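Everything on this sheet refers to the single structure shown next.
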Amino acid sequence: MPRLAEMTREQVADLAAHGVAVLPIGSLEQHGDHLPLGTDSLLLEEVIERALDDRGDVAVSPTLPFGFSGHHQFAVALSLPPKTLLDVLGALLDSLVAAGFRRVLVVNGHGGNIEMMSQAVKLAALDHAILAACCSYWELLDPRPGAPGHAGSFETSLMASAHPALVRPPMHGPRELPLFDRRLVRGLHVERHGEWPRSGGITDDPGDGDAAAGAAALAEAAARLGECVDALLGLDLPSDDPTPENPEGAAR
Amino acid sequence: MPRLAEMTREQVADLAAHGVAVLPIGSLEQHGDHLPLGTDSLLLEEVIERALDDRGDVAVSPTLPFGFSGHHQFAVALSLPPKTLLDVLGALLDSLVAAGFRRVLVVNGHGGNIEMMSQAVKLAALDHAILAACCSYWELLDPRPGAPGHAGSFETSLMASAHPALVRPPMHGPRELPLFDRRLVRGLHVERHGEWPRSGGITDDPGDGDAAAGAAALAEAAARLGECVDALLGLDLPSDDPTPENPEGAAR
Amino acid sequence: MPRLAEMTREQVADLAAHGVAVLPIGSLEQHGDHLPLGTDSLLLEEVIERALDDRGDVAVSPTLPFGFSGHHQFAVALSLPPKTLLDVLGALLDSLVAAGFRRVLVVNGHGGNIEMMSQAVKLAALDHAILAACCSYWELLDPRPGAPGHAGSFETSLMASAHPALVRPPMHGPRELPLFDRRLVRGLHVERHGEWPRSGGITDDPGDGDAAAGAAALAEAAARLGECVDALLGLDLPSDDPTPENPEGAAR
Amino acid sequence: MPRLAEMTREQVADLAAHGVAVLPIGSLEQHGDHLPLGTDSLLLEEVIERALDDRGDVAVSPTLPFGFSGHHQFAVALSLPPKTLLDVLGALLDSLVAAGFRRVLVVNGHGGNIEMMSQAVKLAALDHAILAACCSYWELLDPRPGAPGHAGSFETSLMASAHPALVRPPMHGPRELPLFDRRLVRGLHVERHGEWPRSGGITDDPGDGDAAAGAAALAEAAARLGECVDALLGLDLPSDDPTPENPEGAAR
Amino acid sequence: MPRLAEMTREQVADLAAHGVAVLPIGSLEQHGDHLPLGTDSLLLEEVIERALDDRGDVAVSPTLPFGFSGHHQFAVALSLPPKTLLDVLGALLDSLVAAGFRRVLVVNGHGGNIEMMSQAVKLAALDHAILAACCSYWELLDPRPGAPGHAGSFETSLMASAHPALVRPPMHGPRELPLFDRRLVRGLHVERHGEWPRSGGITDDPGDGDAAAGAAALAEAAARLGECVDALLGLDLPSDDPTPENPEGAAR
Amino acid sequence: MPRLAEMTREQVADLAAHGVAVLPIGSLEQHGDHLPLGTDSLLLEEVIERALDDRGDVAVSPTLPFGFSGHHQFAVALSLPPKTLLDVLGALLDSLVAAGFRRVLVVNGHGGNIEMMSQAVKLAALDHAILAACCSYWELLDPRPGAPGHAGSFETSLMASAHPALVRPPMHGPRELPLFDRRLVRGLHVERHGEWPRSGGITDDPGDGDAAAGAAALAEAAARLGECVDALLGLDLPSDDPTPENPEGAAR
């Protein structure tokens, strides 16, 4: 897999002209008593490696190992405030464009990053004549019960497949079902202060970690991520000068 | 409907102790050749008025009439940059809490506001011992073809019901189907520079404006919004001092 | 009155070429025991409606219903911090210019907005080849005792004329004359912590609300606001490229 | 005159308990062909020295030698953007409070600083249990024709008295009367792009510099500034804990 | 080596009480024609692994893989602007303190990060009752000719030892000696626009990559980094409440 | 010495074309019991005056009298937070470039300013086709024991030479040797919360103030500063359009 960290500037320049830059973003935050802090990044990197390892038309950036995790700081989390995260993603996307890339794909491993990732991609596509895309790896999957949750059955199964040595029993279920995972009314999102510590920091019972189910999910996510790259490569680039033009600088 | 703008400070203090503060957020942006700039706010206010007009347990703020609309400035839009919008929403939510409210609901009329609204609500619930919630009115509805789109059949039908004088024929369909409304891969979101001006600024053919369908949608959204308020009133407030506590100031 | 919220993009484009964009900014804050939170915006909109209702050469934006009201949060106020307010006004003025307007007028209903309004207008005129202007509606009037004050005789009289149902007796005078309304030395402005709560949140005795005096003031303000628009229409636009040019980007 | 720059920390601690901290703010910007860039700061310091030289109840900070002067960068100005200026003034006022002062007075020499000075003083008095005040030296004077203007007859006369060697003839009047100095409608403020370079950067004819008139103005300003300090010393401090309290942090 | 990414929240809590949190910060930027973009991070991680692999009293965070590299964007660099980098480092240090650590050490692999790293560490120690330290790995070494330079003999030798497969000949020297590496006057630092592209993006001739010299330097840096951790563990923690206290919040 | 504050705009324009703009930055902060708050600025200005008084090829800005001094606010300091200081320095450097200068030199008198000064100079040289340089006056000197320290023997000696009336005995040594002045490991920098108040705010015993040694140091610093200016004048300016160009706006 062409990794930006291992490529020279000439190799980057060659690939940027036609390839896709992939920017993985993860988190470092508590995942209950049994999963490690880096779970989101580890799973994300597992999916990316399976999907892109043998491709020559992508360049994969190092993973941003920190995201917005303010809700996990009741225990432990290295968290970037949302505006800082937006600044970081904006700077990285701008940098990729400055390096010549016109197709960029942000791949996400952490629910808390979704808002800023989506916003950053929209701003980048307003500011530059590029194709900018994003996805969270679990949203590529066909629907599964308990997916994605947090440190519950889904993530535990994937870790049991990808990093079994980092799954440390015994696994405990949540003290109570957190509010944000209950649907009160279609389309209504509710946040209640203290819900994460109250529930013990996980969303559902991790069970014993179903490695086979985890392996299947990882394989499916990897296949879909490959399709995402193909889709981006198959799209026409925007012309450099769309008419009528967006007013320069108006978006930010 | 108790409107904050028409209430005295004493009336607010009385209601804040037990009621729900509702903060509507809209937009002012091009809606094709046939709908007015204020379409999102007008429809939002229509839903709110139908839902909350005769309730005594809510206080409705004036609508924030501007949102993030950078993608509509190719024609005309009064747009707040995302970080400014986040600052505004944070300040308004903090202000409602300072005024005594512990149940707040942001109701949204514009797709471009979703990321910052969601983020602001999460931050408010981290910072304050409150219930904070949000919804976009169209997401309260059972799925409908073309909903919500932008200036297409859905919005045109609702406007034909709520403000027929502001629907100005002839209606034109999009010049081409915009990329962001095509699903290339499950879970993948793609933005291409210039897609909004390229498609003419609307997402699907508005047809002739089906006022009956619009009226039904407005009624359904209003009913659901009422349920949202009921749900918030039915939830326990967080205790003032959840254990363990979030580290103060860590989230922002 | 041509309202931006009710106009299509084409109507805006036509009007922007020669007309004046009017941006009203208000507040939502305590106004004593007898006036509603929205007093400033309600009076502002009354003046604007009287002044501009039958003109075809203006486009009136929705009112920004929140301003800087930190000094009223001892009771209740939805307040935007000054830097956020400056960002908002800057974004709205930039948006109006992007929409084609070259004559913009900010009309203000709240004393706490004056600094940021004035600064935003100066920056807009530095950045763009436009005419940018601002006024607070009460400063258009010939001097009157007690004008404008806060929730005192002046505002109560105007509300008694414009919205008598929203004036709720009994009216109470201030507990003591607040320091910021006493002139200690010509040209000296003094702020003392806690002065607003100490005085009860109003500046002078509202009396019984003199609706006739209020009506006269509203009529005078409306007439003057019309003159303001005429004045702006009568001025030459700046040439696009004044010589010598301001260094780009230096002002902000 | 007790200058902060020449005092030890113990001397500051002693004075802070009862005295007034004075913070002068100036500018560095073009003043036509005949006056130096530092005119505003030089005149401000002249007034302060005359007013406060023999007092023991004030501590005078070094002058902030730069202000907001974006409108003078067409020629030459060292300008702080408004938000930066607000941050600077906020930090300096907070620092004075941290050092023990509870009576602070900002004295201004430059019109472009007025908005941010006024805003900063209001915020400081909201955040801290202090007396915070501000004035621009020319506003202390009885009205005079041409005062203050910019690099016109008023400032030239004062410089002719205070720093005659820095007045360099020949003096030129403005190329045309700038718009911002013409009153079109009472209470209306208009800014037109390019007006400063168009008028040559000065507001009125400097004449020959009337040193006697300048000396009289300086003496009057100095006398009034002394009265300002007396007024601040004569006011009661706010109690440390006014009731009801402003919500902490809500203002900014 | 205890890596934060592989530890559970309980393991972190245990270690935080007495151990040292290590935060590595690197870069992703052009390193001439022969070294990969990730050179700084790769070498930094090599030093850390050698130094800390068998210790139980440290917890090593994932490397921040991006730093301030604006000067390398003439070719390719993923760069965080300085204020964003300061925000990121501040958030990460605050997060480590929130997680219970009272001894934190930032270890740096990139010259462009020095200013913000130093500033962030100073702010963290002002804000929290902790020991905060930082170093750049090459400054731990006894002086060596050409160290550290950029993509020159020093870094090439270290890469030849640590990652020989990522050193890609032929190696080219700089087109000319860049100004910032010439000492004009003791203590004077000079930056000239365009110097990095002018010199070809490297500071000195990489030679053939002296793997033995590189191995020696890596070993020396690793030994010294171990001493740094020992030194931090040997220092007394600050008392929680030093007297007199720094005014809270004054530093930022 | 050509001082910007005393020059007209025409004189500045003439000098900017070929000369060096000098921007002095100081501090206002406690310097123990015996030295005044303005020590850093006073010594800096003494050096500059000796170095540049009779030169015609420099223009000296007024000193920025405040720097980052958060660590001295335990006693008294007027401190600008680091990001504000960076904004201020960026605005001043941009302003000097806008005024026509292409050779700028920041001269520093305070250790706490080093990070932001260095960063600001690097950004200015990235953004503009200029030569930008900086130095701290004590780093121009051959190494001396105790230099620079804070309010210790070095600064006391210089003040004894330059401003003997402002040195107020008795002089007290530090209560204990502060940690930041002890070298624990080569290249390691450690900050411990509360170290400044703990040590009494000074770094080493001021002794009796050796005026002769102080005079020698001032003379040496002045001579070196002259060499710095000569060096800048002797360097070629960057061409306006270096190839390949830095991507515009990418650095900040």
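A, B, C, D, E and F are the chain letters, set down in written order, and residue numbers restart from 1 in every chain.
Operating definition for what follows: contacts are C-beta pairs under 8 Å (C-beta built on N, C-alpha and C of every residue); 3 or more make two chains touch, one makes a residue touch a chain.
Which chain is which protein? Per UniProt: A, B, C, D, E, F = Creatininase family protein.
Everything numeric here is computed off the predicted structure, so don't read it as measured data.
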Legend entry - Winner on C-beta contact pairs when C-D is weighed against B-C: C-D
Legend entry - Remotest chain, chain C as reference, centres from CA atoms: E
Legend entry - Where chain B and chain D are represented by their mean Cα positions, the distance between them in whole Å: 45
Inset, instruction - Starting from the mean Cα coordinates of chain C and chain E, work out the distance between those two points in Å. - result: 52
Inset, instruction - Please list all residues of chain C that touch 2 or more other chains. - result: 73, 75, 79, 81, 95, 98, 247, 250
Legend entry - Of all residues in chain B, those that touch chain A in their complex: 70-71, 73-75, 79, 81-83, 86, 114-116, 118-119, 121-126, 128-136, 139-142, 179, 184-195, 197-198, 224, 227-228, 231-232, 235, 238-239, 242-247, 250-252
Inset, instruction - Spell out the part of chain C that touches chain B in their complex, as residue ranges. - result: 3-10, 12-13, 16, 28, 30-38, 41-42, 61-66, 73, 75-81, 84, 87-88, 91-92, 95-96, 98-100, 166, 168, 201
